[in-house]
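What follows is a group of structures, each given as structure tokens.
Common to both upcoming complexes is subunit A, partnered first by subunit B, then by subunit C.
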Partner chain A sequence: MKKFSLLLSLLLVTSVLLVACSGKDEKSGATESGATIKVAAWNSAADALTEQIEGFNKKYPDIKVEILHSDTGYSKVTPALAAGSGAPDIIQTQARDFQAFLTKFPDQFVDLTDKTKAYHDQFIESSWGAVTQDGKVYAMPWDIGPTALYYRIDLFEKAGIDIASIKTWDDYIEAGKKLKEAIPETTMTGYTNDFNLYEIFLNQLGGSYVKDGKINVNSPESKKALLLQKKMKDEGVAINVKDGNGRITANNNETIATNILPVWYAGTLQHSVDKQAGKWGIAPLPAFEEGGNTQANLGGSVLAVSKQSKHTEAAFKFIEYVLTTDEGQQVMIDYGLFPSYVPFYENETFKENNNYFGMEVYPFFAGLTENIHTMDHGPIMLDATKPINDLIGAVLEGKNVDESMETAAKAISKTTKLEVNK
Partner chain B sequence: MGHPHLSTGGAEVEATTTVSKKELATTRRKKGWNQKTLAPYLFLSPFFIVFLIFMVYPIIESLYLSFTSTQGTSSEWIGLENFKNILTDGLFWKSLSNVFIILLVQVPLMLILGTLLAVILNSKFLKAKALFRLMIFLPVLIDLVTYSIVFSIIFHEQYGIMNYLLGVLHIDPIQWFSDPFWSKVLIIIAVTWRWTGYNTIILLAGLSAVDDSLYESAEVDGASKFTQFFKITIPMLKPILLFCGILSTIGTIQLFTEPSLLTNGGPNNATNTPVMYLYQFGFQSFQFGYASAAAYIITIIVGIISFFQIKLSKGGEI
Partner chain C sequence: MKKTSLFTKMAAYLFLIVVCIASVYPFYWMFVGSTLTDSDIFQFPPKLLPSGEFMNNLTGLAASAPVWKGLGNSLLITIVFTIATLYLCAIAGYAFAKFEFKGKNVMFVVVLLTMMLPAQVTLIPLFKMVIGLGWQNQPQAVILPALANAFGVFFMRQNMMSIPTEMIEAARIDGSGEISIFHKIILPTTLPPLAALGILSFIQQWGNYLWPLIILQERESTTLPVLLSMLVAPGQVVHYGQVLAGTVISIVPVIILFLLLQKYFIAGIYGGSVKG
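Here is the complex of A and B:
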């Protein structure tokens, strides 16, 4: 009995040690011909990539692809990057976060400069900025988010608002008041507890988070963007809908009549607000002043290859297939991922008429990409999220705008060690 | 890692050979380590090995990290700068004051409720005790994430049943999420709902240890039920109450799931907590050094508070 107990305890110890040490061998199994590449992506982007595997394997039957469902907070990817082992071969990040990734995880991404050179002119010019550091390209631009005004045609008619008359944001606010008078239970628009609306306004104004390597959230453009959101709230034309789910509820209940959001919201409306088919129209954004810029971008992702990957060639082949072929982009567009790959704009699928909106949605948005200002997010976005959200919260609550901007700039400066623009 | 597989072929072989070696060794040193004295340590060793790898090592590593500028994979020794930056950050103090406000209201409230429920459950006249005990304990079994989401639906400002019921009573809808005061109240309600049962069961165990003869002699002396409660029950429960108080205090200072899921720290940081603060730096901007320093500061604060709680109540002496 004693011997047995001793044996058992020893067994336990050795097995724990063995298991603890066995982590390393896992990867060596895959050989050149039968490479398995793992791709970390989230939500519909991950679903789109999953659907791509079949088409990809027709071209490259030897490369196995596995999609890992990650989250927008990167919580599954970053520990592996920090630890230097266990990272997937291909990693999706938001375009605006990628520079921060390059700063926080130097030497973790494969230099793709030579491989992407041939595609340079085929992608929207402004999409390269996010993936380039010191003249070298470290990721492939995926999708972009040209932004527009989604509005309820029927409610506008009921309130006697002519969409064509809304040229500026001031017109928009006036129209919102008119709407409230005609239909008291409906508000013009809703905003969520993030900085989506702020970023749209900021991009529309040509502002940026970082300018000449310095923090720029205290810029005049930033102030203008903040004050517009505050004015909308104060005038009662914008209500807080908390988050994306709250927005869907608000749309379904006719609590709000417009959404200021990018192209991907067309997909959300079709899927989650399906009963209102035919009631939604899309118009360009109102401008800040008459004749001003009506285009802005929000969101968009990139695909990067991890240096930990043992199959960088195979990984890039997958990226090449999904992002630079019509077959690949055809799948993407089904998931509402608007390509930065321009040749696809000539494809028949791209030009198809959309029944929900009764118009050619994608060509319309393609027309809203030409004058989008390139926006410098700098390497700060992972650190800046919280301070910027706090800044918007403070301004909406009625705190002094200049002081709040300074507070936010200082908070970002403290963690990023970047200087603040004066 | 971490899941021992007993059936691993290699492990068995290796184990048996080590055993025979060990046997030889033990027979040689008869008076020293023999099987009898060694066995308990070997039985404990799997735990200690796991404990060393997953607790002791991270504790030491994070102490080192707290003196560095580590973010992602880049790192540099910067001494006490992280600590200085945290202690001068208004947001940190705001989050700390938030949990203290919640703490000062919630912990006494919960302990009073818990004590009352425990006394009722312990009463001789109550029928179907097991059923009531189960009902009071049930919230503890519900996952933190699940109940937070359910609470966010119940207390939804526009469509929640709580504001609907208030409307029935002609009370204006309460802004549970967008008002700084009411969002704290919401957190307090949620945490109290979740944890009162847990404390009740611990206090109930404490009550059953109180000798019935104390009450009997008090009864003979003509003491009322109230006097008995305050002069016998409460003093006898003091060590248990202290235990519950310390656990709840630590739990509240480390509050994370509820504010994170219910209010996301808002509105405008009114329900931000130190652990959310830490999490934001650690896992949203990957400032591991800064987050480690914050973790140490929070731990020190918890330690100091627990120390004073024990001091003030004289270690829970009756």
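Here is the complex of A and C:
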């Protein structure tokens, strides 16, 4: 019995050790034949990149590519960047967060200025802003999110609203009231507990979060954007749908009739609101004043090369293949990633008709990209989420706009140490 | 004994029923949701009866993420971790409870102090260490760091304090060695707290998210919760039916374990509270 229990404890210890040692030998041989590059990306972006490997290896059989599925909160890449070791070769970030990455992790990203020079004219002009710091380019723009008005054709008809007559946001609000009168259980649109709508309005107005290196959330454009959302809420044409899931529910139940969102929402509607096929139309955003700008961007991401990488050349070749070739972008568009690479807009796949909307969706959005304002997010976006959400919440509650903007600016200034614009 | 009136009884039952529904409903709906199509999930009022989409959701999930591999990884990590942690915490707790040695109190305080350190503080040093050891993407990177955790040691010590020292002394007089005293007397008498700690460790490791997310970077090597979380990202099509089907799978082991060890669990939690 004594022996038995000794044996048992020995077994336990060895089993732990065995687990500790297993797997080690599988790895060692990998680096011998050519370079292996690791790419951290999330969700369907990562799926798209995984599908790219085959085509990439036809061109570059010596470079092995591994895709690491990460999370949108960056918990997976930030420890490696902070620790200075263990980072993947290529890192995806949201376009609006990239400046913050450059500031928080200085000297962690490879200068791509010379390598990207040749492509400068082939990408949407506004997409370079997010990846450039002090005139140097540190990442390649991937996708963008040109924004439009998704609207229910049938409900608009029922309420007698002509979409062509909605030229400004004021027209939009008037149409919303008309809709409410005709169909009381349906509201014009919904907003979520984040700053999506604010950012769309801000970008449309040519405003920015940071200007000349100073916090700019207290700008006149910011005030205008906040007041428009407040007006929509106060006039009863916009309801709070809480989050993306709440929005899907609201669409399915016809509690809202329009969505002010980027190109990627087309995919969500097709997939999660599939019973309303043929009932949705897409129109450009209303302008702030007649003849004004009707274009805005929300979202989009970039690919950067880590300085920890031992194969920066190979890493850039992969980025080049997936983002600046038709083969590469063809895969991306299948995953709903709208390219900022303009030559692809002439591709046949890009022009395909979409049955859900009964129109060529991508060419339509491509027409909404030329006048998008470059938006300076500054290095604050990893810290500014809460203050900006609080700001919107305060304004919607009816608090003084100017004071709320100052409070938000001060809160952001406290964590980022940036000055506030006067 | 005073007889409670029918009214108070009914009120009590009514309250319990409401609480019961409130706590069971999310789980019930998770099961129902896993059998619906994505657009049915967002129907309002919500559908309350299961439909037939479960297998479709499951195959879709298996196609978009290596769930079975993830389930295997989760099981391997959690089971090895739970068994090893039980053994180590028991033997350390025993030493602190029943042995007198120099520096015992100081050592015990040091062990307890590790409990006060927030996990975020140790994250980056730990990351550097594990990367330095070359353990990225390997199960021991998740199993080893939390093995002899302070809570487990403390919990076992408190429970073992109530074992009569006379019992151990009697065994010594009869000629038993220290190791076999531990295995033959101490371990069997502390089964209830071991079961309780086992369930706690199992649940903790099973739901462990941040550390596996960071250190197990390959999809093939990561755990089920991390895999499931990666299916959801803003701005992209999320297949909620698949996510729910995955969640259903992920809670099955916990439910089985709890049902098996339930009677020990309740006994064990209160074990240390009254000294016998």
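Heads up, the rule we're going with is that the second predicted complex is superposed on the first by the 389 of 422 C-alpha atoms of A that agree within 3 Å, B and C clash if a C-alpha of one lies under 4 Å from a C-alpha of the other, contacts with A are read in each partner's own complex, and residues count from 1 in each chain.
One rule holds in what follows: a contact is a pair of C-beta atoms (placed from the backbone, for glycine too) under 8 Å apart; a residue touches a chain by one contact, two chains touch by 3 or more.
Nothing here was measured: the structure is a model prediction, and the numbers come from that model.
After overlaying the two complexes on the shared chain, residue contacts for A:145 are found with subunit C alone; subunit B is out of touch. When the shared chain is aligned, subunit B and subunit C each come close enough to touch A:249. When the shared chain is aligned, subunit C comes close enough to touch A:264, but subunit B does not. In the superposition on chain A, A:76 makes contact with subunit C only, while subunit B stays out of contact range.
When the shared chain is aligned, no partner comes close enough to touch A:402: not subunit B, not subunit C. Looking at the shared chain after the overlay, A:383 reaches subunit B, while subunit C stays out of its contact range.
Touch criterion met: A:107 reaches subunit B, while subunit C stays clear of it.
Contacts of A:54 after superposition: neither subunit B nor subunit C is touched.
Within subunit A, the residues touched by subunit B in the first complex and by subunit C in the second are 2, 5-6, 9, 12, 15-16, 19-20, 23, 75, 82, 249. For subunit B in complex with subunit A, the touching residues are 1-6, 8, 10-12, 14-16, 18-19, 22, 35-36, 38-39, 42-43, 45-46, 49-50, 53, 71-74, 85, 89, 91, 158-159, 177-178, 264, 266-269, 280-281, 283-288, 290.
Chain contact summary for the complex, subunit A toward subunit B: residues 2-3, 5-7, 9-20, 23, 73, 75, 78, 81-82, 84, 100-101, 103-108, 193, 240, 242, 249, 255, 382-383, 385-386, 390, 393-394, 397, 411, 414-415. Those residues of subunit C lying in contact with subunit A across their complex are 38-39, 42-44, 64, 76, 80, 83-84, 87, 123-124, 127-128, 131-132, 134, 136-140, 143-144, 177, 179-180, 183-184, 210, 213-214, 217-219, 222, 229-240. On subunit A, the positions that touch subunit C within their shared complex are 1-2, 5-6, 8-9, 12, 15-16, 19-20, 22-24, 27, 38, 40, 42-47, 66-72, 75-76, 79-80, 82-83, 85-86, 88, 145, 244-245, 248-249, 252-253, 262, 264, 267-268, 271-275, 299, 336.
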